[in-house]
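Next come the structures, one after another.
The same subunit A turns up in both complexes below, where it pairs with subunit B and then with subunit C.
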Partner chain A sequence: MKELLERLEDRFTVTESDVERDNLAFITLPSKEVVQAATHLRDIEGFGHLVMISAVDYIERGIFQLTYILHNYDKHSDIGVRTEIDRRNPVMDSIHHLWAAARVYQQELREMFGIDFPGSPRVDEPMILEGWDNIPPMRKDFDTKKYAEETYFPREGRVTYDPARAMEEKNYPLEARVKKRIQKLLREGKDED
Partner chain B sequence: MTEERNMNEEFEMDELFCTERPKPVPPPTRKIIRDFYNWAQANSLFILAYGTGCGGIELRPLFTARYDISRFKILPRPTPRQAGLFIISGYLAVKSLKRVIRSYEQMQNPKFVIALGSCTVNGGMYWDSYNTINRLDYYLPVDVYVTGCMPRPESLIAGFDKLKELIMAGKAEGANRYAEKFDWYKANQKKIIKDWDMPEYNW
Partner chain C sequence: MKERRISETNPWEPTWCDVPKLDLKSERYVKIWQGPQHPGVTGNMALELTLEGDVVVDCRTHVGYLHRGFEKLMERRRYIQCFPIVCRICVPEPDYNEYLFAAAAEELAGIEIPERGAWIRALVLELTRTAFLTMWLGGQAAAFGLGTIGQWSVAHRDFILDLFEELTGHRIYHMYIIPGGVRHELPEGFAGRVEAVLERIEKIISDIEKVMFHNAVFKARAKGLGYIPPSWVEPYGITGSTARGAGVAIDVRKDNPYLVYDKLDFEKIVGGESDVYERAVLRKEEILMSIRLIRQILKRMPGGPVRAKLPNVFHWRIPAGETYVRAESGRGEMGYYMVSDGTEYPRRVNVRGASYTHAMALLERLALGVSNADIAGLMTSIQTCPPEIER
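Right after this comes the complex of A and B.
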């Protein structure tokens, strides 16, 4: 894995690389070099299988981080190619010409994160969200709970219990009461009774 | 692919659907005939084999040797036109709700709905999801709820017993409720199904 990373560093501008295990490493590349690197990895280094493409929304840094995970069947090793793209203009080069299966991931990323892959087949068609007219739901600035409450007629009477506290009150009622009193005493400085 | 799509566009979709609104069917006035109808309906429940959520997996042991639901005169049917009982088995995404509504409307009277799992009651563990409904009874008339996450096949059998009781007592009037409050149901359905490309009445 070390040699592979050295070979890749000679060829591409690897800004960051970390080896997780003997058979798993991640490299970070500029977004323009990802297609080149994927082609190189597939055709020369033997990473013939695209495991997945995933995205993470780093809203505070203003980027989407894309991860392409590739698998080498001969050496049973994986490599993750990470790249960062601008959140305001999320456009990425398509890799559907390298792996036909990539089109599904790209369609899903387009739907869930709004990342565009120009040229990818059927990328604009809805996959799960038919007729979605809001911002893409997997983005961090989409308030899922608020949307669900406004849209789906929530049933009255849903209560949430802190499991630790509820079990304490059920199994050790006396201790729980004493604990509550002590906490109140510490908080307010005086006891009611 | 493109050729197929062009062919579909040439179809006049409206010709394939009935434009008649559903009408409530009053039960027979004579008690003996009404009781006979109810008895017959309760003993020929044909399930539409459509698993929406994780509850679909509970239907397999139910149909096969372990629980063998045909002992109770209940059988799976492949098409909505032959089925009388719709089991909504678990969470319902908006995309599958659209298919469920179409299938429900294609079923013939008398038809019943069993809602399986807590997802259909109040959303269950998907209550704050962007894509799953919370309450099924806003979109389809539900006759029996079976709670649990997921309920075992035994509780589903108990649900069938309850439904049979309701039918025998003449209280399982979901289809009539749907016809009477049709505009309300349609308004709720259209609120969440944004790309409404179905005809208004599609059976």
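Right after this comes the complex of A and C.
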């Protein structure tokens, strides 16, 4: 793994490299060198299996981190190629010509993060979210709770119970009634004041 | 050399990106939808098929009927609260998700699990594989009209679910593998009951072999169907028994041993014919191998604690870092990419479903030139699992 990282450092502008364990390392590259590096890793170093393309939203730094995880079937080791792209203008070079499966990942990233991959086949087609008109949902500024409250609502005629109170009324009906009466009296007393 | 229905073309031919130029107004083609509710598709997934006569000339997969946004939900939850979510990512094989999520969190947090915990985890994973593949055999047979096998195999999967109910309290989603090990010790006399179930499954597999693999109709329809050239394995990201059926010997359990697989005695099961029939035979062999593995595990399992001590899980901060862990599920390589930023919540969890590329990229390519009646069998054969495609 170490020799591989040294070879990559000679060839590319590796800004950061972490060795997570014996068979897994991560390197960070400028976004312009990723396709070159992926081609090099696939054809020269034997990393023939594209495991996944993933994106992480670092909203506080204004970037998306893209991670390409590649696997070498001969040495049974993985390398994660990370790159950072601007969050306001998320465009990345496509690698669909290297792996046929890459276009599916790119289509998903386009939909879920809004990262564009010009030239990737069918990248603008909706994949999972047909008819979605909000910001891409996997971005950190998409508020799932707010969206759920605005979009979904309880059916009419449904009653919700506070579980603690409902159990009290079921198991201790007398005490619950007395408690209710006392609370009512207290409320009335307050109003008179 | 027998006839192949799909010629072994160069995988780098841009067939997957070219939209076939079909004149849909020429009244030559019929467009039909198979799914999202259809007995011939696995789960809720739709195939938009363009037919010329009976032959598929264009196939588009449509997913999105099961999207529940699990990866996004996990970003709002503490690590321990993610466990009821992750197991729902794949319905027939939930334990791989639990194991991988736990393994990723343990690796980032630097937690060692006790040895017995690892052995019990391996036992649970192999039981799940047996249950899934047994049910899968029934699904594959039913796709070619042998409905009885489906009834046998689902009934026998239920015996394994009974074991899970005894072990974990749940039948489908177990939430048994948690960070630090497993939730609790095996019940008393569990090994004996596992052995009884394994014997029943072995018996039904030998019955299934007689009526399925020696059946002339099944052979006629499945042999030569869905041929995957070995050169497609890397470009399409094919893993698991689908790749092994094509003669590519990859198995995560052997190549990157996790848990206790380096101590177990087993072999990769590799084929070469790479058609639907071959893949079904391989998976039947894999059930038998899983059964042998379960027996080995039960025999050699050491004593000791099953769970390491964890910090308070409701305030559990995992140090910043990122990792990728993988396991061999019944459908292929399953992996979790986890990024932690040092807070109590995961920054990002990305699931590599084993059938993600199978169902999306590969199926669209494989379906070309196949008869409409064989699409169901083909789809089952590459083990599509919609819940893990959309997550």
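Keep in mind that, in the parts below, the second predicted complex is superposed on the first by the 153 of 193 C-alpha atoms of A that agree within 3 Å, B and C clash if a C-alpha of one lies under 4 Å from a C-alpha of the other, contacts with A are read in each partner's own complex, and residues count from 1 in each chain.
One rule holds in what follows: contacts are C-beta pairs under 8 Å (C-beta built on N, C-alpha and C of every residue); 3 or more make two chains touch, one makes a residue touch a chain.
Remember, it's a predicted structure, so these values are computed and weren't measured experimentally.
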In the superposition, subunit B vs subunit C on subunit A residues touched: C
Subunit B versus subunit C as contact partner of A:144, first or second or both or neither: both
Subunit B versus subunit C as contact partner of A:176, first or second or both or neither: neither
Which of subunit B and subunit C A:35 touches, first, second, both or neither: neither
Touched partner set for A:155, first subunit B, second subunit C, both or neither: first
Touched partner set for A:73, first subunit B, second subunit C, both or neither: second
Partner chain(s) touched by A:129 [first = subunit B, second = subunit C, both, neither]: both
First (subunit B), second (subunit C), both or neither touched by A:19: neither
Doubly contacted residues of subunit A, that is, touched by subunit B and again by subunit C: 126, 128-130, 137, 142, 144-145
Touch list for subunit B against partner subunit A, complex: 93-95, 98, 121-123, 127-135, 138, 188, 191-196
Complex contacts: residues of subunit C adjacent to subunit A: 11-12, 16-19, 63-64, 67, 69, 71-73, 75-76, 107, 232, 234-237, 239, 250, 255-256, 321-324, 326, 333, 335, 337, 339, 347-348, 350, 352, 356-357, 360-362, 365, 390
Contact footprint of subunit C on subunit A as seen in their complex: 18, 20-21, 23-24, 26, 48-52, 54-57, 67, 69, 73, 76, 78, 80, 96-97, 99-101, 103-104, 121-122, 126-130, 137-138, 140, 142, 144-145
Complex interface listing, subunit A residues touching subunit B: 126, 128-133, 137, 142, 144-145, 147-149, 151-155, 158
